[in-house]
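Each chain carries a letter (A, B, C, D and E) given by its place in the written order, and its residues are counted from 1.
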Amino acid sequence: MKEPKIGVYICWCGTNISHMVDVKAITEEIGDMPNIKVSRNYKYMCSDPGQDLIISDIKKHKLNRIVVAACSPRIHELTFRKAIENAGLNPYLFEMANIREQVSWVHTDIEAATEKAKSLVIAAISKVTHHEELERRTVDINPATLIIGGGITGMTAALDIAESGFKVYLIERDNKLGGVVSKVDLTFPYMSSAQQLIKSLINKVSNNKNIEVFFNTKIKEINGYVGNFETKLKLQKKARELKFGNMILATGLKPTDPESIHEIGYGRLPDVVTALEFEQMLIKGNIKTKAGKEPNNILIVHCVGSRNEKYNPYCSRTCCMTALKYSNQIRSALPKTSIYHAYSDMRAFGKGCEEFYSQTGRKNAVFLMYDQKNDIPTLRRAGKNDRCNIIAHMYEKLSGEDIEIPADIVILMISMEAHENVKQVAHAAGVSICSNGFFMEKHPKLDPIATTTDGVYIAGTCQSPKDIPDSVSQARAAAARILTSISVGKVEIELTTAVVNEDICGACHTCINVCPYSAISFDEEKKVSVVNEVICKGCGTCSSACPTGAISARHFTDKQILSQIEGLLAVSNKLSEKLEMEEV
Amino acid sequence: MSYRVNSEFKSDLKKFGIAEQWNECFHCGNCTAVCPLTENGFLFPRQGIRVMQMGLKEKLATYVDPWLCYYCGECSETCPREANPAELMMTLRRYLTSVYDWTGLSKKIYTSKWWEFGSIIIIALLIIVGFLIYLPLKSGADAMVNQSGSVMINSLVEGISAGQFVRIIEIGDWTMAIIVAALLISNILNMFYKVILSDNAVKVPFGTYFTEFWRLIYNFATQAKFSKCDDRNYWVGHLLLMTGYSIMFALVVIALPLFQIEEIVPWYNWQRLLGYYATFGILFFLIQVTIGRIKKQDTKLKFSHPSDWLFIIMLALTTITGILVHIFRLNGMVEATYYLYIAHLAVLVPMIVIEVPFSKWSHLAYRPFAVYFSRLKKAAVKKIEYQRELAPAI
Amino acid sequence: MNSSNNNNKPKLKMAVYWGSACGGCCVSILDVHEALFDVIANADLVFWPIALDTKYKDVEAMPNGFIDITLFNGAIRNSENEHMALLLREKSKLLIAYGSCAHLGGIPGLGNFHNRKEIFERVYETSESTVNPDGIMPQTNYAALEGNLNLPEFYDTVKTLDQVVCVDYYMPGCPPQTERLLEVFMAVVNGSELPQKKSVIGAWDKTQCDECDRVKTDNKLVKKFNRPFEIDDDLTTCFLEQGVICLGPATRGGCGYRCIKGNAPCRGCYGPTPDITDPGAKMMSAIGTLIDANKPEEIAEIVDQIVDPAGTFYRYSLPASILRRKLI
Amino acid sequence: MEFQPTIVSFLCNWCSYSGADLAGTSRMKYAPNIRIIRVMCSGRVDPTFVLKAFSEGADGVLICGCHPGDCHYHEGNYKCLRRFLLLQKYISQMGINPNRLRLEWISASEGKQFAQLVDEMTEVLIQLGPNKFKEITQPA
Amino acid sequence: MKKIPVTGVYFHYYTNGHAESINFLETENYIKKIPGVIILGNSNELPPIDKQLFIKKIQELHIERLVIAGYSPGMVKTFFTSAMLEAGQDAEKVLIAGFNEYGAIKKSDTELAKIILHFTIAGLSLDDISTYSKKPVNENTLVIGGGIAGIQASIEIANSKHKVYLLEQTGTIGGHMAMFDKTFPTLDCAACILTPKMVEVGQHPFIELMTYCEVIGVTGEHGDFKVKVLKKARRVDLADCIGCGICSEKCPAKTPSEFDAGTTLRKAIYIPFPQAVPNKYLIDAEHCIYVENGKCGVCVKVCPADAVILDQLDEEVEINVGNIVLATGFSTFDARRAENFGYGKLPNVLTSLEFERLVNASGPTEGNITFRTIDKKGNPIFTNDSKSPQSVALIHCIGSRDLTYNQYCSKVCCMYSLKLAHLVKEKLPDAEVYEYYIDMRAYGKGYEEFYERIKGEGVHIIRGRTAKIEQTNDKLLLRSEDIENNRLIEQLVDMAILSVGIEPRADSNSLAEMLEIVTDNYGWYIEENSILNTTNTNRPGITLAGVCQGPKDIPDTVVHASAAAAKVIQNIILQKTKKAIDKVMLSEIETTLKD
């Protein structure tokens, strides 16, 4: 190893860091440490001038290790690596100390924050001293794509890719395509026909030669890595092995089961129906009570299972507008029926939606506001003199009155939940699930379609509740990524993999089953374990499990982490010594 | 107690109004906030819209809020949904008038043109026919003109003396006044029952009835609340009308023998000055309103219910006939004076009989009473929101 | 053995000393049997308390660097051990930590689960065979009638040799394999290029498993930990796969997997492979990984079957481990 | 001056480190006693690291990973849990209060929980007092 | 032609708010000629006709299938479904032919309307027709607008190794997002997540950045557009400028900074913000003293790199591209228009955008919330010298959900207001914060949870729109109804923030005219299909990305931009261009249908 010449750069992040951390003091102190050739601070390290500063220092001082203390490496690690690479240095001879998210933003005492920042910087220096050069590698992309879910999202994505001339495998758990949209009559707010739309889509998918659809199929296991995934399908009679380069998860939604919400009386009262059940009535043109009568009063309860800690804390995004759609549809067929909406906030936010809301109001729908968090309308069977089937009781917030609402049919705008097979799919595809049960995206704002696993994209309601246009857009966006990936044909792979030191490996076989990706195999000839670095994702579990220390996790080696620990504690060690001396 | 919502109620109410945009309201609260007259406990117009949308009929009957509104129109002007809350308040006033009216005539008059015009025409016809048969014009016009050349108005009728004629008209006046007052008072009692007694939330301390009574008189006389509205011109006009009308009413009904005399007193005499003031007051406001209602620019005059026009027309006709009677008298035109006098009565009487207890004019009583009742409600400690002072949050 | 006595070269001066040791290491030297002649032919034994009557002051009298090789066995338990370690370091060109005790602390190192007080109490008071009504405890200084008596100070903590002095090489084992000793000895005698200082000699870089001929499969998951007597050993399957903790995977080869050949699991006397900071921790990590359960309660239940993790994983290496001793 | 413990913490890159970042971006305040080391997965956490931290003077060690079932690498967190339980038994044998070593699950959305955890652990460690191990492992 | 079942066509004349309509009569006459088609009538009433009579008609004419045609005829669909059911027919055989769905809105779209209806009668969807034709597509793409949508679309396309011209009107890319402090609901700082993307754009080998440029003309068609671009004179040489900032320091001319939403002043030679890409200076000709009267020129003298070219002239260049992505974004509602809130008159009434800058660490006060002051020259600005407010009110829906201004919901204001409330609480923990809202639209992933969190932070969140703001002494008086608690509030606060809605850019209509695409009543660009294709426009090859199509939050914008990119990449890969449906001749369609 060459003698380390380290450059340390501490960022102010405007005032984000500098208001809580004495950046200058750290810079000075660090400058006196051994091996440190350059120690600087700058207002915005991530800006072009900031990066230029590093680049010119590398060239001028022949630096071979860089430490940047700034924000979270999850934000700017790549930026700096690129800059360092531009300066001709291997991008992995670099370490970031997170002194913003972990220090300046979360602490209030300048002295303590500065001390902590200092120890983080020293730890990064200690670690970077042991960093090694890692070389970039690429793999080819298999042009086929796997799409899980044959709903509108999956189909749109499939068509976008297939129409561009690439193979798509479309996996559907059901025996037909269409998903939830196929159970819907019309779309809001322009009231186009969901049925016509989905039928035409199904038609196109079925006629596209590039799309192979698998019905009644569930994915158990997916192996491989971006560009080269594979899965084995168990079909009725034969097994089928699929190889593909990318995949889109579009597993869709599951409507909440309203039976768990006792007040609402689903299952107990026959004329309480869910939104999807009501869609069936609309498709068939048969809006009747169970007893076959035309309803005089219809109550639509919004937010059933949504926006309530007991059920789902989130908003299901589409129910308000769907409810308004029902209101319009009922009005067209039953001009005299009273329509009541029990809602909590009218979320008419999309294009044309506010207008739709006002249009619905004009058609004599009564909007009654309830407290969806604490006071769900209570439904009971009506008495003989009530002249209706069901009476709903609730506190109306806009008037401040306790009211009762007569109803013959009650429609529940049930919330959307992630489909139950999300967990299984997530496990197979190696993506995370967030607290609400939906797939976790790579970044909630700037990358809502990618996941933390390369080559795996999510689209539609499996990411979060959304309406058809938004699902379709997301499907398109995912398709864009995949088209890019296919047309470029190559992808760079993970560099921070595990590696086996064959001179030490004792052939104990401990590691082999530890790897979740089966990246480790045993070389019978050499009698050592071997890591397939294309499959390896660099979690480092094997490295910890290896009793001999033969496996090391690149960029996170024992040596690197142990020196990081030493570095971390160096400041407090010195400090406590100082304290003791003072006490003496 | 929980109220049962009823979306059908809206269609009942529709007949009392012109605009129908109230369903557009999404309850942002802008109208209430912008209203200079609303206060805690009486949050209008939004709550009125809410009660209307929900069809809470019983609740609505306990409301005095619509009477507290003087229709400045600011709420409608700033309403983001153009839901026209001010016009709803107007509509609710019409509706409440019919609610207070126990005879049920009010509802018929408001909601049916046949009833409205029919009742007026019948009363007018009765008066015309009655005059022509029982109080016909004397022959010999010259006898009915005095030295100064003006018509002696009380001596036009065949067979009775001037004194007798005044007496007959006075009796007629009083009869009319008593009937109208009886109807109005019974309606006010009905209002009192509905607003105060049947509202379980309100228990008025007895003393309050007296301590707050001055408000009734004060508001009747000044429409002080009205002056809080931004457009003070309108309040001035309205005050002119109100005083003018009251003076005229006093002169014609209470002081008829003093007012309707044979001799023409000089123009600076009190009767004539009062008369001119009243006529001016009425005409001034009438013209203001008529132009406004035709132009439809001012929010409060944009929407005219048939009853609004009828009221204007009747009042205008009364005034014009009155002026003409005066002019003809001065010029000694006997026949013209007589027939116009009949015409004057044929307009005036139905106007008072129909408009005061059953229609638009009833507000002369309901408004001050509403102010009075609202104070009573506010004094009733049971419901906290009436007690709340207008105060910042927390 | 190919002995090559080069007469032109002076004989090596060799010393053997025992610190806190059982004597097994010295015996292992004697175990060279007839090869002893080769040793004698090439080396002069200048100091070996177990075999020769050389006094400490004779050693003190030697010039610095007089001894070519010192095989120091035993841990540093008391001040005498420490004194001798320092002395021999001064006098020796090569100081070799010989055997597990000098290398890692060895069995005496288990004393680090206690401190001096606890040990004295046990030994001089509470042990079943002790009769000490006066509660007499060893003192470093005792004014007897005959004059002052000095005893070495008994330390709280057992140390490895390299925690006291700088060590040139380590020869692991409890005791080291005699063959390994001879190989090392002959290498020195023949003037072969010596390995990098501080390294382990007389053992392989690879572990026991590399030599071990028991069958190992990929499936090492353990549902239950057994003690050796609890299983019906099939004599061919890897101990770990039978649920018996064998430190073989984390222990250097060199002994010829003798314990395992004797159907006993490896206990780790040869110490860790290079680059391992803490062999016990490494083995714990490996063993932990192999537990076949995901629920915390289930895992805890399985972990509880390892009665004494510290004693099991650090049987020979406690003083050399990261934590070194129990905190009392 | 009141004793201020030092906590060395190992956070998995995907959930817990993001969770800590979230605490940062959400400006949730917590005790400055924690020092975070990023590892790719809690499964990377070797007992050696923990012992090293204690020996270097850490008063507490906190390991955080994804919630069970959420591991970015499928089950690295389970492996961490298994080692952790064994390690905890070992350190208590060595006279270290097992409460000085904690394993917690922090997801990427649990910034708040992370902040609370740090505060709570700091409090516990203040109660326990300084870790004396450094005196043994790093004799003056 | 395929035999079709007896189909009844009903015209729903209701035009759904559109001022102009297609020629219904002509369409009726056209469709009548198709065998098997019976016109059943028309109406613009709701409900359309007498149901019993209609049922009778269905039965008499043996109608097997119904097609309702018109503007969003789905509005009345259920009437016909139930009528079919009652007439004993298959209720599911009611089809919708929505003219507006596919952009047939104006009279001139009548041909398109015929096609739509004809297709529906044939049981097909308009999407079924292959309107693509093989034709070489220029692989270069023009992206207009350098906000997050334009950035995202550019990166997506450029990553597929096709050249992108990213055209931006101002001196830097970044758009509105760069101005924001934090982004909801995760509160990551906008700059932190945006600047890496901006840098990526700046360094991308396949992106040619054209800042300070405007499109002045587009000719050609899909696959081969010729775009005339006006390169406005930057007056600083991009290659030579080293970004040292000495020129700006010395420049005597000051003007309100656009980037800081006018909360601070910048010089006439300036860099929009520190992380600007490209990070080079430019001269704002409108405020430059030299440009105005030929005197000054300080910048030229001080520039160490001789990069200033004061007499540089605008330049016209032409670029050839195959596709155009429109990502022009939005402008915020001018709060001066809503007079009752006193913005522009009362100094401490701020727009949300101003507040974003004020609370931003890189803003005028380094993130301290202070009162507005007037500097020596009379400019209202923010400095650290003035005091901080003790109470702050946020008022939602300014310029949105209001028929006087814009009827639509701006989609983002609720959430950003909650975020701003949080930021106030964070910076001024003792300050009281009030939020006045109508409906809380916390619809996205994690939004509702964020709303709950803000409620938990002690912000007073009040349902009820504030009607007006008046100055009383040194405080602002807000009058509102607290709807949920049945009371009126007159709240005195120190500062009020107006959550202004978003509007189409002022030039959106003129740009639309130049590009021959359609806008809606407000000025948002209309998508080809509101459900299945929200990125295409009526003109093939011109794609929409982000807010210019309608209000969106950041995640939706990013997804939308990526979706737009998908279409472009697809076009380039396939080397096929799309014909506009209305350009596909009717006779051609008829031939297709016969096949």
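Points worth noting:
FYI, contacts are C-beta pairs under 8 Å (C-beta built on N, C-alpha and C of every residue); 3 or more make two chains touch, one makes a residue touch a chain.
All values derive from a computational prediction rather than experimental measurement.
By the document's definition of touch, common neighbours of subunit A and subunit D comprise C, E.
Graph distance from subunit B to subunit D, where chains that touch are one step apart, equals 2. Relative to the whole-protein C-alpha centroid, the nearest chain centroid is that of A.
Set side by side, the interfaces C-D and A-C show unequal numbers of C-beta pairs in contact, with more at C-D.
Among the other chains, C has the CA centre that is most remote from the centre of subunit E. Chain centres here are C-alpha means, and the one lying farthest from subunit A is B.
Chain geometry summary: the mean Cα position of subunit B and that of subunit E are 53 Å apart.
Subunit A and subunit E have Cα centroids lying 25 Å from one another.
A separation of 67 Å divides the Cα centre of subunit A from that of subunit B.
For subunit A, residues touching at least two other chains, in rising order: 346, 358, 363, 398, 514, 541, 544-545, 558, 562. Shown for subunit D are the residues in touch with two or more other chains, namely 25, 27, 46, 48, 52, 75, 79, 83, 109.
Under the contact definition stated at the top, the residues of subunit C that touch 2 or more other chains are 277, 282, 285, 289. Chains touching one another, given as pairs, are A-B, A-C, A-D, A-E, B-E, C-D, D-E.
By the touch criterion stated above, subunit D contacts subunit A in their complex at residues 1, 4, 6, 8, 13-15, 17-18, 20-21, 23-25, 27-30, 32, 35-41, 43-46, 48-49, 52-53, 56-58, 66, 69-70, 72-76, 79, 83, 107-110, 115, 130, 134, 138. Those residues of subunit D that touch subunit C in the shared complex are 46-48, 50-52, 54-55, 68, 75, 78-79, 81-87, 89-91, 93-96, 132-133, 136-137. Those residues of subunit E that touch subunit B in the shared complex are 340, 397, 401-404, 432, 434, 438-439, 460, 462-468, 479-483, 486-492. Looking at the complex, you find that subunit B touches subunit E at residues 26-34, 38-40, 43, 46-47, 78, 80-82, 385, 388, 390-394.
Across the interface of their complex, subunit A is touched by residues 205-210, 216-221, 238, 240, 248-250, 253, 272-277, 282-283, 285-286, 289-290 of subunit C.
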